[in-house]
Every structure is written in structure tokens, then in C-alpha cells.
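In the two complexes that follow, chain A is the common piece, with chain B as its partner first and chain C second.
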Partner chain A sequence: MNRAGRTMRAVFIAVPALFMAIFLVLPAVSGAVLSFDVGGRLSLGNYRALLGDRMFWRALLGNLAIPLGSLAIEFALALGLALYLGARRKPPAAVEVAAILPFAIPEIVLLAIARYIFIPRGYLNGALLAAGGAPLGWLRPGSALASLVVMAVDAWHVTPVVMLILLAGLQTIPPELYEAAALDGAGALQTFRHVTLPLLTPALVGALVLRGVDALRIFSTTLVLTGAEGTPVLSTYAYLLWSDSQEPRVAMAAAMMLAAMVTLMGLAGIALGRRFGASGVAA
Partner chain B sequence: MNRRAGAGWAAVRAAIAAAIVLGAALPLYLLLKQAITPERESFAWPPLWLPHRIVGTHLHAVFALPELRGAILLSLGIALLSAALATALGAMLGYAMARSGAGRAAGFGALTAARLLPMIAVAIPLAIGMGRVGLYDSPSGLGLALVHSALALPVAALMVYPAFAALPREVEEAAWLDGASPARVFVLIDLPQARGALAGAFVMAFILSWDEFGYALLIQVTHRTLPPLLYYYMVFGDVGAASALALLMMVPAVCLVIALGPMLRGAMAAGGLR
Partner chain C sequence: MAALILALVGTGCERGRAPARQLNVALALFPNEAANYRRFVRPFEAASGARVNLIAQSYGDLLDVLRASAGTPRGGALDLVELDLAMLGEARYAVRPLDAIVPRSARALFPAVAWDAATHGGRLYFVPHRLMWEAMIYNRREVRRPPATWDELARFAHAHPGKLALKAARYEGAVCDVMPFVWAAGGDALDPRAPGAREAFGFLSTLAPYLNPESAVFREMSVLEAQARGAVWIHFNWPFAIGYLASKGLAPGEDLSAPLPAGPDGRRATPLGGGYLAIPRSASHPELAAEFIRYLLTAGTQRRLSADLGWYGSVAPPAQSAEAALYAGFAAMRPYVRARPAIRCYTALSNRWQRALRALLFDGDSPSAALAIAAAGGTVQETFAGGCAAR
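Moving on, here comes the complex of A and B:
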């Protein structure tokens, strides 16, 4: 009886694991092999080709700057929102739904809306004009402004996720601590600095690990808003090499660089999570 | 706190609330407006903030154009199939997670793999490999459905695992002692117990597939699902059709917000894991 139970558990692990291996892990492994293949021989040629391409360096830089910027924006916004929504005087429920809504909208739809807003003859420039200002080239390829818009739009979509993790973290802080701080005559700023922030650290680290990995994988936001060459990142750069230049091997070399970055970030995240007892990290 | 400062704070709080609601409502309003105004008005410069003429042509086109109708059916089929597969396989893995350490290791390993592997590093070799077995760009979308279920599987497992863990082991053991096989116990006792979590996992997997853009772009290059189709309409300038399509894509999300309401928080937090 127990043996039959053990057999069933083994099958219940093996079948999903096999499925994951076939459709996610093995393709990545075969892609890694492909990235070292030049004319059927083992070689670093594809990686050398990358290093000689100026677009690769732009994509690498973009893949560092854009995630960093978008993380900074979304954490600032999310912390503010979480403190606001988690306050003792609850805001109306409609505000909470509105704060979560951007994440419920499919990403591609949100990007479609962002295009209406930021294109040269879009709503933002319309508003600027109406206010007596001059229209700006928000999405001009290669401009710092375009990178900034990409960061902001990316942050707009995922801020609710970070906010929910921080909100859950805030709710674990015992109210007695706030009462004690108030009795000791601590101001709002001091309470935040000495009570809220230290106790929120696990949630902050958890959210940072979760989002840090995602932020590095940015693809659709840059592709849809500025085109693959406008604000290049590694994913869109590899996509261009694959779909336009028909260079699957060099494309895989670029994809493997990204995979290495994400893995490093993930390992750093696991170490950080251990150190700070991060919450909200399932991976 | 004195009264004047209190009034000041109330004003600040009201301003924040207004900004949040505006930030959520304005984009949706613009989307709706673009979808129901004629092309010339959507492209007007300076832009018009209120619709002047309302037309149904774009919304009508969504259901009239064969290309669009096909894409809707394809997206729906892929989402339903991948949700069913992910839920079934996720239930298996979730059960193993609740009952053994090896199961938990497998579950968190699968989750880590799904989260750490960049889409582009998987999708390119997958497109090559699927080309060999006839699943690349297939009219049925079977290949994409399989990838989507692999992406959703670990999240589904994580969602149903607590429901299985909550069932006391004694109940299972009693059923075994009465002579029921483990498989029978799983189907008749464990699965019904996890009904709610399984439904949640199904919805999560459906939405994940319905919204997914990257794999769809690389694998369904001519038989497009809705997200890549919307991208093509945007880039190649059919704004009216793009807006109507975007509006249609919102339907499952809107249904979810209305149906779940207060439960939304948990569902969204789990969705954040995908």
C-alpha cells in the first residue's frame, strides 16, 4: 500500500519534471551548445563576433541601465503606495483596485496605450502643447529620453506586484511597535526610519530578488516602444540576430550572455535572501 | 498633531488617491476612445481628448476580418489547452510537494528554472527544434500551448500545494486501510479538497497564455495569436484595429477583476511569480 503510494509520488514528480525538461531546460541547453558551434566545430567564434559588434555593447549597457532605472522607479513608487494603502486610515477600496489595475492589464495592451501617449503626435505632447510647452521626441531612437520612457513604462506595469509584496510585509509589523514609538515621542520620519524600514527589509529584499531577475529579461517594452534598435537590450538584440540577420548561433551567444547575467543575479538573490530572511521569494 | 496639519495631510491623501485613480483610469479611457473614434480623429493633431464622432467599424472589424477571427480562436484554444495541461501537471507536482521532501525540491527547482531562463534563450532553440517535428508555426498552435503550460506548471503547483498540505494525512491513511488505492484516494479525496486552488491555477495559467507575447512572437510567426497580432497592427499602422483588438484582449482581465474582487490581491501576488 505504502509502496504503491511511493510509486505514485515518484510518477507525480517525474512526469511534470520531464515536461519542464523537454520544453524549457533542454532547449536552453541545446541553445548553449549552439552558441559554441561554428561550422560544426567547437569554437568561441560566435562570442568573438559579439564583442566586435557595436550594437552588442549598446545592448549590454542598456541591459544594465534600463533594469536599474526601472527598479529604482518601481521601488520608490511601490514603497510610497504600500505605505499609503497600508496606513491605519484605509483609503477607499476603489483606490486599491486602481493601484493594482496596471498589472491586471495584459502587458502588450499597456504598451499599446503607452504608444498612444508617447508617440510624437501623442497625448503627452498634446498636453504639453496645450500647456504652452514644446513637444518632445519621447521615443527618439538612441536618446536618453527614450530609455527613461522605457524605464517608466516598465515600472508602471510591475509596480503593483512590488507594492503587494511590500504591503504584505507591512502587515507583519506588530502595531504595538508603532504605539511604543509614539509613546517615546518619535515623529513620523523617525518611526519610519527605526521601526518600519528595518522590519520591512525582508519584504524589500524579497521583492528586489523577484523583480531584479525579471527586470533583466526586459523584451517587449523596448521592442514595442522604440523598436529593437531604438533602445537595444540583450533580448531584443538576440531577437534581431535571429529574425532579421538569420544568425541563430550568434543570437544564442547573446542570449547566453543574458542567461549568465540572470543566473548571477539569481544566485546573488538567493544569498541575499538567506542573509535577510527574505519573504515573498519562492524561487 | 494639530488641526491645521491634519487638514493638510487630508488634502495630501486626497491628492494621492486622485493621482492613483487617474493613473489607472486615463489610459483605459484613451484606449476606449481610440477604439470607437474614426481613424482621422484618432490621429488628429493636436489630439482630441473627447470623442467627437463615435463609430463601431473597428469593433465590428474585430469579428468580421477572417485574420482576426482566426487569431481569437487560436489564442482561446492555446490558452484553454495550456491551462488544462498546466493545471493537471501542476496538481501532480503540487501533491508531490505536499507529501515529500523530494517533491518540494522538484517543485522549487521547476519554479527556479521557469523564472531564471530568459525567454530568448529558450525560444530560439525551441523554434529550431519545433521546426524539425512540425510544431513550429503550426496552425493549431500546439507547440506554443505546450511551452505556455511548461511556464505555468510550477506556479500552478505552488498554488495548489497548500490545499493538499492542509488535508490531514490520517484521512488518506484511513482510506488506504479501507483498501482504496493511492490513485483512487488522490482522485476521490485529495482533488475535491483542492477544488478552489485548482480553479485558481487554471485561471492563472489561462491569463498567462492569453497575455504571453515573447514566445508567441518567435513561434507563431504567421499563425499569430492576439499579442503578436496586436504588435503587428501597432507597428504597421492599423491603429483602429489595434485599439479594438487591445480592448478585446482586456476582456478576461476585466472579468477577473469583477469576479474576484477582494480575492484579487492573492491572485495577483501569485501571478507576480510567473
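Moving on, here comes the complex of A and C:
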């Protein structure tokens, strides 16, 4: 590499590194310090305050249960859609549009639509009443039904992303393998189990890591649909502490807990990616 | 915050080309209120020859600006700042005393507690700008006679499960919803261990199983929307709630206001809320700001505030008017207005009451266990001796 190339390489490394140091590392370090600040002294007081607050435990539980439920729904839907669309040379345009549309709509618009659907006098209860049924408290604070609605809406929004990743994964599977499986007399289920699933594993793991990290940071879906205390998760809990309770230090401690969860998930994802990514099948 | 900076830059630019005296007034106004307030200040501008620059911002941002400018002796961008009543304890250190500005005659314009809340160590630091207090909002079609006592309220709650709600908005620390009960039982916001607080929490615990589930969200609008769609028949709120319901065509046809229920000894109480004006220590034009305050504190100006902006803290709506019918409950509560503690650690205190209320109503804690959360080791003076960060 000549001198100009080396200079260019240094610039391309230095600029993003500087950007990350200023806008990512410095705020993160400053936030971490703030989370230990109690009246100007460094202590674990803010973390102790968190552990003593029942709402924190509720938010932590919500932050595990809601992403897990959301991931289960979106992977089931995305896999089904990807298999359906991948199996057809020319899938119906309406299905393609319906599959992609939720991700094309800005999040806040989608959530506002979802709210109109699920509020007590929303479209869904209107349909239930019209059908002779009784309205339900879909967003009733603290209820399991509200958590399910949050999971479903979150999954609805991001299913297209997972579907596109899986669809791309499906298209890398050589058609000869399906022909060979058919010649060997394999049925649809056996073909899926022994051909599609193993070769789709890298794409599945990639999507799982990407969405797993993202799902942990769930914020606006719970905030818009049920309010911060309706289905608490760590990000809305931290937001509540910061904005309404005006406790920025404790809020930062909550945010640090969430950051630790996301980092652990990311590291686990990288390890998982290394294990499954190369071969497609666990060694 | 960005809008505030832009507005300040804007007024700074204007200063360059307009030689007239300028008064920068930062108020927590909604856009529609700002237009009305703009009209309201015109007579002052005509009389004083000064231009009033209005900067509409949230109370929180205004307090932040005040904090940031506290160390500046003079030359700051804001001449007059509006603050929420709950912020007075914290803001006192950044504003100028106003004793010399406020004439004795002006004291009669507002309830005595409103002035007490603005006074510390015998000195007046703030002037009431718009005052309000809570009353009962009830559905007149479903509730023929609104409950007038705790007993009647309990009977209503038991007879109509889910039709009573407590908004207990978290940013108010729920103090505004808890205190009417604590005060009505003879208790004190600063001492959760006092018998009055125990009696109030004992009563609230009997309501807990019958509360509308929206109460658990601790959002003012959630409860108000539930009232608007008829899911809630009674809740307690500020006058804006009646304005909101009226704007939906629901008041007075569906919803009206009534006094808060009286406690066991017939005692009533409602929390004082609203905005106060202060002159920052860093104000560039304190004399002009004082002139504006004197203009505000006249009977004629207060009548205009009531008529033009619907701020009834000083002057109630005219008898027999449509507004008088809408705000009857609020007018009836005027003699029972009490100020919340104007202490520096108000936010921390209110957070404690909020946690206590949540534990009592939604976590199944006993009244004494819930109050232990609010007390957290003692009176406010004892608890916050080490600073407001203590939870």
C-alpha cells in the first residue's frame, strides 16, 4: 500500500473512531459515572434504590417476557411467510405488500393505528360488539392480555425484517438439494427438517441475534399502547424515573442495567453466530 | 429546549433593531393560550411603551434555564419566568425578593395560602399568576347526587366497581391526589407517620379493590379519557379536565364538577396548584418586570385574566354564566385550598408518596406498610437532612 493509501486508511479509521468516542463512549462513561453518583459521592446507592423498588422488578420481568414473546411470534410468522413467498415464482402482490408494509410505516404511525385498534372503544371491540360479543380490555394496565397485545404489535412491526433475512437465506439453498430429496422420496416435512432448516440456520441465527438485541430495547410500543406503568419494561421505567420522578441518577442506573442486558445478549449472539454461522449446523 | 434557545436568539436579534424597552417573559403556555396571552399584554405594552416577548415553554425547561442562570448577576435573557408551584422551593435561590413590588392591596386578590406558598423566611419571592385546585369531576347522568363525604364515596365505589378512578399523575408525585385525603383526616404532607395519614390510607385501602384499572397507569389523560367515554363516572382533577370535557361536548351535558368529599370530621381540603411568576436574579430588565407584575396585580387585570383566558384563580366566573355552572365544584372548593410544601426536596417527597400510594392501591400493602415507604425513616426534615437524593 502506498503512502496515500495508508493516509486514506488512517482517515477512514480515525473519523469513525473519533465519532464513536465523542458520541458513544463519552456519553456512556458519563452515564455510568452518573449512575454511581449519590449526592456527589460515588456509591451503589442508586442501584440499591432500584433493587428496592418493586416497579423495577416488574420492568425487568417485562423486559424478559415481552421480547421473548415478541420473538416467538415474529419468527413463526416470518418463517411461514418466507417459506410461502420463497416457494412461489410469482407470489401474489397483495401478500408481498401486506408482508412488507408494517415495516414501511413509521413506527409512531403504526403504534397510533394499533392504539386505535385496541383501545376500549377501538376497532377491535367495535367488531366484537358487531359480532354479538363482549368488548375486552385489551390494554388493561398490568394484565396478561395487555402484554400479549404489546408482543403482537411489536412482532407485527418487525416481522418483515426477519422475513426478508430468512427469504434471503432460503434463496441461497441450492435447488438441486430439493430435487435430490424429492428423488429420495422425502415428504414436505422431511425436506423441511433435513434440508431447509439446517441450511437456513445461519440466517435464523443472524436474525435472532439482530432482533434479540433490538427486542430488549423495546420502548415506544409499551409507552404508546399502555403507558409506562401499564406494561413496564426497563427503558420505559428509566424514562419514567428521568422525566416524571426527576431522578436522573437512578434512571441512569436502570439504563445501565438495560445496557448490560443488551451487551450480554450481543456477546451471546456473537458466540452463537460463530458456532452456527460457518457450517450452518452445530458442531 | 431547542425552541427556547431559538426564541431567545430571536428576541436577541430583534433587540438589535428595536430600540424600545423589551421584556422577555417565559411562560408555560399552550399555543392557543399564547395567542390569547399575546392579546392580553397589549394594554401593558401600550401603557409602558415596552414590547413584551413571550416565550412559551414547559415548566421543567423553565426551571432548567433558571438553574443555569442562577450564578449570573445580571444580563440574563429572561426577565420574568413562570414556575409550577411545586418548583418554588427549589427555584427560590435563583430569583429576586418581591416584597417591595407587591402592594398590600394586591394580597386580597388571591387566597392567603397562595401567598404563604410564595413566602420564605418572611420574604416574598413569587407572585401568583394563575391558580387552580382540584375538585370532583362526575358524570351527572349516572351520578344523580355526587358523594359529599368519604362514607358516601365508599358506598359509591362499592356499589359501582370500576367507576371511580384516581389519576394520581406520577409527575405530581401523586401528592395532589393523596393530600386531599390526608389533609381531610388532619394529616400532614411532611409527616407520613401522623395519625391523619394513617386514617387517610386506611380509607383509600377500602377503595382500592373498586378502582378503575386505568388508575394503575398514573396518567392524567388515561383517566380523563375513561371519564369522557363513560367508563369512569367519578375522578378528581384540575379545572383543565372540565375544559377538556367541554371541548368534547360532554360538559355540562354529561360531566360536571362538584366539591371533593369531606373527611370524617367534615373537613375538606384541596391542593393548590398553578403557575407563579418570578424575576430571575440574572434578569436584564428587573424594573420593567416589576412594572409588569404591578400591572398584573390589579383587580381590573385579574378580571381580564378570568374573562379572556379563563384563569379563575383570582376572579371566579360571573354568576349565572355557562362557566359558573361548569366550574361550580371548583368555586365551592376555594375556601378549602391548601398549599403543598414549598420545600427544596419536593420532588423526592412526592415520589415517596407516589410509591406509597402504588403499594397501597395496587401491590396490596397494608396502610402502615405503605406509609412506611413514604416515611422512609422519619419526617421530611430527618429524611432529607443529607440532601434530596435520599430515597
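The criterion applied here is as follows: the second predicted complex is superposed on the first by the 271 of 283 C-alpha atoms of A that agree within 3 Å, B and C clash if a C-alpha of one lies under 4 Å from a C-alpha of the other, contacts with A are read in each partner's own complex, and residues count from 1 in each chain.
As a convention for this text, a contact is a pair of C-beta atoms (placed from the backbone, for glycine too) under 8 Å apart; a residue touches a chain by one contact, two chains touch by 3 or more.
Worth saying up front: this structure is predicted, and the values here are computed from it rather than measured.
**Q** Is A:73 touching anything from chain B or chain C once the two structures are fitted on A? First, second, both or neither.
**A** Neither partner.
**Q** Mind working out whether A:81 is in touch with chain B, chain C, both or neither, as first, second, both or neither?
**A** In the superposed model, A:81 contacts chain B only, not chain C.
**Q** May I ask you to decide whether A:30 touches chain B, chain C, both, or neither, giving the answer as first, second, both or neither?
**A** After superposition on chain A, A:30 lies in contact with chain B alone.
**Q** Counting only touches as set out at the top, which of chain B and chain C does A:121 meet: first, second, both, neither?
**A** both
**Q** Which partner, chain B or chain C, is in contact with more residues of chain A?
**A** B
**Q** Give one of first, second, both or neither to describe whether A:151 is in contact with chain B, with chain C, with both, or with none.
**A** After superposition on chain A, A:151 lies in contact with neither partner.
**Q** Under the stated touch criterion, which partner chain does A:253 make contact with: chain B (first), chain C (second), both, or neither?
**A** Neither partner.
**Q** Does chain B (first) or chain C (second) touch A:108, or do both, or does neither?
**A** first
**Q** Should A:208 be classified as contacting the first partner (chain B), the second (chain C), both, or neither?
**A** Touch partners of A:208: none, neither chain B nor chain C.
**Q** Using the superposition on A, tell me which residues of chain A are in contact with chain B and, in the other complex, with chain C.
**A** Residues common to the chain A contacts of chain C and of chain B are 121, 227, 243, listed in rising order.
**Q** For chain A, which residues are in contact with chain B within the complex?
**A** 1-2, 4-5, 7-9, 11-13, 15-17, 19-20, 22-25, 27-28, 30-31, 34, 81, 84, 89, 91-92, 94-95, 97-110, 112-117, 121-123, 126, 129-130, 156, 160-161, 164-165, 168, 210, 213-214, 216-217, 219-220, 223-224, 227, 234-235, 238-239, 242-243, 248, 251-252, 255-256, 258-259, 262-263, 266, 280, 282-283
**Q** Inside the complex, what are the residues of chain A that reach chain C?
**A** Contact set of chain A toward chain C: 38-39, 45, 49, 52-55, 120-121, 137, 140-143, 226-227, 229-230, 240, 243-247, 249-250.
**Q** Chain A touches which residues of chain B in the complex?
**A** Chain B reaches chain A through residues 13, 16-17, 20-21, 23-25, 27-28, 30-31, 34, 43, 45-47, 49, 89-90, 92-93, 95-96, 99-100, 102-103, 106, 108, 110-129, 146-147, 149-151, 153-154, 157-158, 176, 181-183, 186, 210-211, 213-214, 217-218, 227, 230-231, 234-235, 242-243, 246, 249-250, 253, 256-257, 264-265, 268-269, 271-273.
**Q** Which positions of chain C touch chain A when the two form their complex?
**A** Touch list, chain C to chain A: 170-171, 173, 213-214, 216-219, 222, 226, 229, 231, 347-348, 351, 354-355, 358-359, 362-363, 386-387, 389-391.
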